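Got a structure for you, written out below as structure tokens; questions coming shortly.
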Amino acid sequence: MTDPRLQVNVAGLVLKNPLLPASGTYGYGREYLPFFTPDLFGAVVTKGVSTIPWVGNPPPRVYETPAGMLNAIGLQNPGVEAFISEAIPFLETYQTPVIVNVVGKTVEEYVAVVERLDDISVVSGFELNISCPNVKEGGIAFGTQPDCAAQVTAAVRKATRKPLIVKLSPNVTDITAIAKAVEQAGADALSLINTLLGMAIDLRSRKPVLGNVVGGLSGPAVKPVALRMVYQVYQAVSVPIIGMGGICSAADALEFIMAGATAVAVGTGMFHDPMLPRKILDGIREFLQEEKVENIAELKGIAHR
Amino acid sequence: MTDPRLQVNVAGLVLKNPLLPASGTYGYGREYLPFFTPDLFGAVVTKGVSTIPWVGNPPPRVYETPAGMLNAIGLQNPGVEAFISEAIPFLETYQTPVIVNVVGKTVEEYVAVVERLDDISVVSGFELNISCPNVKEGGIAFGTQPDCAAQVTAAVRKATRKPLIVKLSPNVTDITAIAKAVEQAGADALSLINTLLGMAIDLRSRKPVLGNVVGGLSGPAVKPVALRMVYQVYQAVSVPIIGMGGICSAADALEFIMAGATAVAVGTGMFHDPMLPRKILDGIREFLQEEKVENIAELKGIAHR
Amino acid sequence: MKQTEALILERTALGPGYYYYRLLCPELADKAKPGQFIEIKASSEETLDPLLSRPISIYRINPEEGSLAVIFKTVGRGTRRIAALQRGNKVSVFGPVGNGFMLPEEAGRIALIAGGIGMPPLFSLAERYPEKDFTLFYGGRSATDLLALDAWEQLGVPYKLATDDGSAGFHGLVTSLFEREHLAASFDYVIACGPKPMLKAVQQLAARFRLPGAISLEAYMACGVGACLGCTCATSKGYRRVCVDGPVFEISEVTFDD
Amino acid sequence: MKQTEALILERTALGPGYYYYRLLCPELADKAKPGQFIEIKASSEETLDPLLSRPISIYRINPEEGSLAVIFKTVGRGTRRIAALQRGNKVSVFGPVGNGFMLPEEAGRIALIAGGIGMPPLFSLAERYPEKDFTLFYGGRSATDLLALDAWEQLGVPYKLATDDGSAGFHGLVTSLFEREHLAASFDYVIACGPKPMLKAVQQLAARFRLPGAISLEAYMACGVGACLGCTCATSKGYRRVCVDGPVFEISEVTFDD
């Protein structure tokens, strides 16, 4: 089952394989049990957790687009206390590390969630979703301004010594500027990309399809953009990168690794095929075999050479 | 043939229908003659024209991605003199207005192309492609900074009284800031979006696929992003918008119009189906019929209401 | 819930745009309950567009044969692609998904109200409980939209029809028909599946007559397993997932916006 | 150039991964010349992925029947999707595209050099000019990669085979075989189609022997009509479009990068 060729190290976490679920697409791990257990993944990344419960956006919340989908869930989640009482006991029964995705509307909210979870041993690290609107800055996402991104990173950095991953928004002119700012502010790793802002209009009603008007585009459609950003960020920072955006095959995952990702995450691809994570791991193993690669780390960033 | 319900007015140009070819996907009009003539379109938008010939990027230059494609043509073109001697006489034989897409590496180059073409009567207007790298600013695209975008717009504005369309890059944090800056600087209309920066990696060679490493993503994959930007820019400016990005059907075109576009352009979609422009026009007519719409302008921006 | 490549045992066109498929998928058929649905992949191996599977209710459950039957209408490219599959082809499906119907013991006379393509799950319910006293109220645009009436007849469930154009049964809404009939011979329980406006009307009628019941909802879905929170509907308990908390909800629980 | 929905008159698997299709498309067959290609749509109506058509050379032209034949190898999802189409299906195609071969009047003995799936266009050329003196040099990995030899025999064109594994003909590169044979009985003209390394070797041989000739190139294509400048190759005259300036180029004109 475990294959030493797949083992990677992300921000001090030793992962038995480089595949993670993308936050928000895998719930807290329970829903995909009919298909595989959380232990399939190198680590579990939970959906976003906030201080208090968030109700989320009005429906419709999802919509299919060419080779992709839009979502405007609005980060619905039961809040950190419910997370502790319901998700943690479930995740504790598995061996794989747990990375908690953290959301907030202010710097203080991010810090509060991390502080609340920091002593829980099954929580191995944090992933900050900085695509959330910053209410103090008029609702502009934290992740679109280097200084805001650095500020929330630095504040959370003070609150935990556990691995801190910052998840970047792709809706920016220069993603390397954000990446450098959060690296400087203490991030141990970066994950990218979050969703691209998009929308759809229903011709019959002549109105935006999504209850929230705009939503996040994910899935294979965005893969070329995600890959380019991983490639650029790899050149700009020295912390490890978790690459994601449209991964639907082992080949896609390997492209991200060659672009510079240490680990990769699969999200929307699971909606296309609930067995995808298993297929990706099998496919990566096959590729390593065929190409006689001793450890997947050899392939990391190889496209830059 | 002409249908008054389809007539639109963009920046003072009366177009018999709202459909244009997207710059760079239709050459100077000659190549699609086996399928339709330039007169099919409300106006022809040429591929980019520069002062002197540009050789373009090394191959491979194009690559398919999920529901999209990457291109890194590098704006290969024979320069404005060859354009005048070869493309103009051809385009003169048709009735449809000609909008020349203009590219440059400095503000002066843009101005030079426009000045050279301004007296040619068949040239009805200009579309500035500001996604070009600005050599004086270290190669950052003109279109990614409001001040650079405004500067080139203002300089060209002085050089011509013909309709001036500025084509925006989507690779920005806030497209409305760029839109407002170029409107302020004298643009009569905006077209959006140009391509999203993306890339692909070849697993066998372990290298980027494109000769230029990165390229522009276009096609249906990007439609949700393009539509969102048109929707946002419509709220931010009062000049007309030419919407494009992934249009592959009449329904797609109508979505852009409902989001706020006065006219739309089809690019990559023609590669999917060379008869697409005709199908789009037929489909729009059918929709107007079914929904009893007197003029397509009634639908413009209707999704905002 | 299981994923499998189901063999298409039978494909029948039931009329313009309506298709019946019988799928060999023993692991799913073994578990399936009335009111649950399956997710059918609308794309082939070599394409990523359309990306998402399409939820389709289970119409008949045959655990002996190991098969599930569905009836669907082609409304967009996903259902059109599925409709292009032929007998002998395989199609990727997973399920069964959802809670399914719960029939209270005490429910004696049960009204089933179907609007259009909302009929199939009600059939699986009626077939599962032959001892119960069901009456079907079935509405559609036109006579050709009322499907599988022979199957209902074989089942021995009386039905009353309503069509918008009067081409079969009552000329008008199925909810008006139900209202009239309920006044004549009252029911203990109501179960409805169909378009939102119909469900809303049923909800109002149920409230008026203090009739307990359940409704089966539709929603645009992404994951189909409860993970993405994409398919939520507003309820008195907050947003709930149609795919796994539903598709069947207690009739008064759902909040329809206006 | 015309677009049409071509009826598949015949589909034959020629061996592992190789397919022969005969397509009814009179408007295209009427115009087609040896060395041209057609663009075949790899997606169905209801999907936008894969997005682009696939360029495939014309193998046989039959204007009387109004048909074109092609032979292709499945290498990726596009060709796999096309290979899934059956006799009686229709497929969207446009063409004929490209310049095609030009045979100089004075060319007496003509060497055709084919590498793998580069063979088909050379066949259409040989079939068009029965009066010319062609010799085919045909290389592939293995005997099973050498296709349609019976057709070449019927045409009366002598052929010499080469395989990488020695399973048929000469054990080694087709260019080595050609070099040896050319020294024995020299040719006036050479036409080659195949993978880049082979074409490059042919170019070098042609230069060494001062042999005039032409090569047919492949390139990743987007529009397939000359509009996008996506398919360019480096030549002594700058970047030229493979789709319409080619796919056939004068042999010395093309610049192969190292």
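As written, the chains take the letters A, B, C and D, and residue 1 is the first residue of each chain.
By our rule, a residue touches a chain if its C-beta (ideal position, glycine included) is under 8 Å from a C-beta of that chain, and two chains touch if they have at least 3 such contacts.
What you see is a predicted model, and the numbers here were worked out from it, not measured in a lab.
By the document's definition of touch, common neighbours of chain B and chain C comprise A, D.
No other pair of chains has as many C-beta pairs in contact as A-B. In whole angstrom, the spacing between the mean C-alpha positions of chain A and chain C is 36.
Separating the CA-averaged centres of chain A and chain D is a span of 46 Å.
A separation of 54 Å divides the Cα centre of chain C from that of chain D. Each chain gets a centre from the mean of its Cα atoms; for chain A and chain B, those two points are 34 Å apart. Shared contact sites, meaning residues of chain C that touch two or more other chains, fall at 43, 48-50. The set of chain B residues that touch two or more partner chains comprises 66-68, 219-220, 248.
Judged by the touch criterion defined above, the protein chains are all mutually in contact, each touching every other. By the touch criterion stated above, chain B contacts chain C in their complex at residues 66-67, 220. Touching chain B in their complex are the following residues of chain C: 48-49.
On chain B, the positions that touch chain D within their shared complex are 24-27, 31-32, 34-35, 47, 55-56, 58-64, 66-69, 71, 73, 76, 219-220, 248, 268, 270-275. Residues 43-44, 46-50, 77, 80-81 of chain D are the ones that touch chain C when the two sit in their complex.
Of all residues in chain D, only 1-3, 41, 43, 48-53, 78, 92, 94, 219-234, 238-239, 244, 257 touch chain B in the complex they form.
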